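Note that chain A is present in both complexes that follow, paired respectively with chain B and with chain C.
After this line comes the complex of A and B, so read on.
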């Protein structure tokens, strides 16, 4: 609005165009941009009936007027602070007896670390000693850690997954309706960045045995790229190439293949047989024995996990 | 190397594979895969046990192409194989016994997740049983924590969600203390492999260096694992977790999860810290005192409890107290008695939980004790199972509980200052056990149509009336007309499912009773297993 011109005249002026651009209503190059959040239905169909809410109120204990609980809470706060402080003091006191961190003659620099550093390259074929250590020397621990991710996703699914699409809509689980449908800036950025993010993630996974990185970090990058893509383009777009069905297939295939390699590796190792995975020339992309396939499977699993967490928290399903 | 020696590795990975496959299938298939593979794992463990019984030695299994301490390592002896076999048996029977509840409590769309959690629970417990590496143990403790949480919250009611949150907080506290303990151990010794840590600790103990950090480490690890296995002052998560979750979860949590952590603690005592160093520290006295106090207070709480499943849950606190008392005695005999009690308690507690679920179902889903009058007549098998389990928990000769109580008493005779508190605690705890278990056993065989004649039932009705205003939160089970009249299905398909379910339930109860009688009567082979196993355990 202007105080000197009337409304029609003002709408033709540059100042009005500038203010619209500033408010994010119309861009001179892109056209109308949707930067405002959608207005969700004023009267959403209530999933829980009124009686349900009353039942909850009836069954819940009356915390507001219960003196006992108030008093208990006060004691509890003081008690927990004292307990934490006591634990901290005891730990610091005990740690003051331990050797200083990073000393050359500390017990940590024993034959274990020495062999990892000195023989790691020829025994595992991996230039990246850390990858060689977690994927070859301590393959069982790493398989366990990957299973932690798997079981964490399953637990989140138990809590948050709503299986049927119609029920999801009825419960108003998808909170994307509070965001713009077509957020031009985000979409343009995502269109440019997503391919690079995916490529970078794949690079980190495939080069896990040659350079810093590996399955866990590369998978996290790919998962972040998928989160960016889905928040820019909404879920139906990403469901074209990554829906629940594909998620299950990808996840189960990756874990099964990983498990098979692990069983093979453990069995041959324990029984003194030769492993068919060649170590190759260190530094080449196809080297490092089982590290490369393990990195690929771990990366797949981590990417699936990260995206599944996001989607489950966001809309109760993939 | 004989092929049977691959069993530890194969059984752990088979359970993990079972979980992975299960995530791709639905309800009924998931159940079949889970139970089938668990039976196979049990068979394999029994095979390994018979092999080790003959050789009489433990062996080291290298996980991969690099020997420990560079790579990972498993170690199997008789005790480990026996424990693995026992865990598989308990898991199969618990899943059979809880089949009705699983069908009712779980959302049909999500039933496969239950079996994923069960499979991974077994995998992590097997790994804890066999591992010879502190860090591997920690990784599988993590898996175990999440799996147990999933099993609790699978029945998605407000009470189980609250119980799962409480369990998660307490259990993560325990994991955190364990992790700090492992870090301190690594800082002092520079190793993660159990045998290597022990060598270093023996040399540290002779040179008197790191006396205080070592003591703190022992304390942190013991307390961390005690929290996770619900020793008395840290047991607050237990009643909700066992009392409200679906019955298979209750049986598995009480019989497998807490026992797995105690087994890990025993392994750390024998293989990492050294039994002598542990007995020389004052932590052992704390465990002994907590155990004895827990035996009494857990039973008192159980007497006060009005909900049948919560009562049984509080009884677990008392029974865990027994095991820690055995560890606290500090001799091989004491630990052996504790080990025997692990078996005995697992067998009888799972039986009691499963029988209680049958009694509750026969009473229209009401779990308050005074509503159970006459339930033993309505579901005869569950009644018999409950009485057998109760007799075992009390310690009647011929049942499993008696054998272990006798062993505790014998083990305590080495020192007079231990014998008196142990005998007193055993006597008091036995009487308290009898009070709360026999009142239920009498009540379920009191005919329902004689109101208030029976003094026991009358006392409960009176107390309930007084308490009614306070306790308005009671878990209401699914009350269906079918539930009262039996499992008569409405159509042919449901009928055949119900028959299969009833068959599985009956098999679970009968096999559990047989297991209890076996542990109570044929004590010698099991005791020999434990004694020979403990010799080669360290």
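After this line comes the complex of A and C, so read on.
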């Protein structure tokens, strides 16, 4: 038989609070979570006066009286359907000329692919042949891709960046201020998930020459983790370890070191010289020559790019 | 068995691709686009290219749709539809925000 508690002690216990919550007498989240409704936007109808709208409605799209628009619309619909069908027919006709999948004499199975599969492990030292192919045989292509990412962020910065903090505030670019900043559910989930996401991204980058993955996928995962972090805890918190200054240093350093390694690799490869990057034993973490450093640099580049896109879209600055 | 699964995935892929362009609600069309990327990443695994599957799941389903959401919120296409729900649902919390605005 259980001991009966007195009333005061019972009111402090969890069971009493739980039963009150079940009955609907008390909501534990009122006053704890910040609940803030969005500010209403400006009414777009206010830009023009009412007479203008009536005039537009009278003249522009008067389908009953305007035979020209009526006829044009019919021709437009028929023409677009015909154009789509023609394009489909042309594309299917072109596909019929492609060699069959897996056929012996098709273009895909020439001596290049055979060499990648047969000699890839000896020449690059990477167990993951795909990573070896991307980072060494096609290092020039991958360098171009990384440069494209760099240029893309530069152009987005030119278009969206507002340099000064006070001007940014004046223009109301940061739409985070219309949202609840202390979203407890999101913050707890981010607190649990973010370390694992970062660790998984770093694992994919460092293990790129041994298992599926590599610089691009790992960098995308780290960038997604940073976006989750910054959307859970506002921007000032992420600026403690990743602000515009650090962004510029990390990004430019990664691209420059990548360029230096790539140029060195091309120079030694073209002249048949011995490279300082040892191939090592296949399967060890420190193996594969230039693949590991290249993966690290591509990963930082991609992570910076993805987070910079988000921050620039969101508040016009990093 | 694998072939049947592959055919089901491919049919879903085509259905998703068509549904993205035929959906009127712009929020739904982004969600369908996300599911398209997820199906595509499963197909990449079945085609034995896990490298691409990881990238497709991270970039296609994650980052691209997130940028879509942010952009649509910036130009006010998502918030205008949610405002009606906010007006109905925030009857209790409106007095708190009102007092904050006055002070």
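Quick note on the criterion: the second predicted complex is superposed on the first by the 233 of 318 C-alpha atoms of A that agree within 3 Å, B and C clash if a C-alpha of one lies under 4 Å from a C-alpha of the other, contacts with A are read in each partner's own complex, and residues count from 1 in each chain.
Heads up, the rule we're going with is that a residue touches a chain if its C-beta (ideal position, glycine included) is under 8 Å from a C-beta of that chain, and two chains touch if they have at least 3 such contacts.
Keep in mind that what you see is a predicted model, and the values were worked out from it rather than measured.
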Taking the superposition as given, does A:221 touch the first partner, chain B, the second, chain C, both, or neither?
-> second
Give one of first, second, both or neither to describe whether A:94 is in contact with chain B, with chain C, with both, or with none.
-> first
Comparing the two partners chain B and chain C, which touches a greater set of residues in chain A = B
Using the superposition on chain A described above, determine whether A:314 touches chain B (first), chain C (second), both, or neither.
-> second
Regarding the shared-chain residue A:189, is it in contact with chain B (first), chain C (second), both, or neither?
-> neither
Which partner does A:199 contact after superposing on A: first (chain B), second (chain C), both, neither?
-> neither
Once the two structures are superposed, pull the chain A residues common to the chain B and chain C interfaces.
-> none
Flag every residue of chain A that touches chain C in the complex, lowest number first.
-> 30, 35-38, 40-41, 128, 130-131, 175, 204, 212-214, 216-217, 220-221, 223-224, 227, 306, 309-310, 313-314
Within their complex, chain C touches chain A through residues 49-51, 53-55, 58-59, 62-63, 66-67, 70-71, 73-74, 76, 79-80, 83, 86, 90, 92-94, 96-97
In the complex, chain B touches chain A at residues 1, 5-6, 9-10, 13, 16-17, 19-21, 23-24, 61-66, 69-72, 109-110, 113, 116-117, 120, 123, 127, 133, 135-136, 139-140, 142-143, 146-147, 149-150, 153-154, 156, 158, 180, 184, 186-191, 200, 210, 212-213, 216, 472-473
Of all residues in chain A, those that touch chain B in their complex = 58-59, 61, 90-91, 93-95, 97-99, 106-112, 115-116, 123, 136-141, 143-145, 147-148, 150-152, 154-155, 157-159, 161, 163-164, 248-249, 251-252, 255-256, 259, 262-263, 265-272, 275
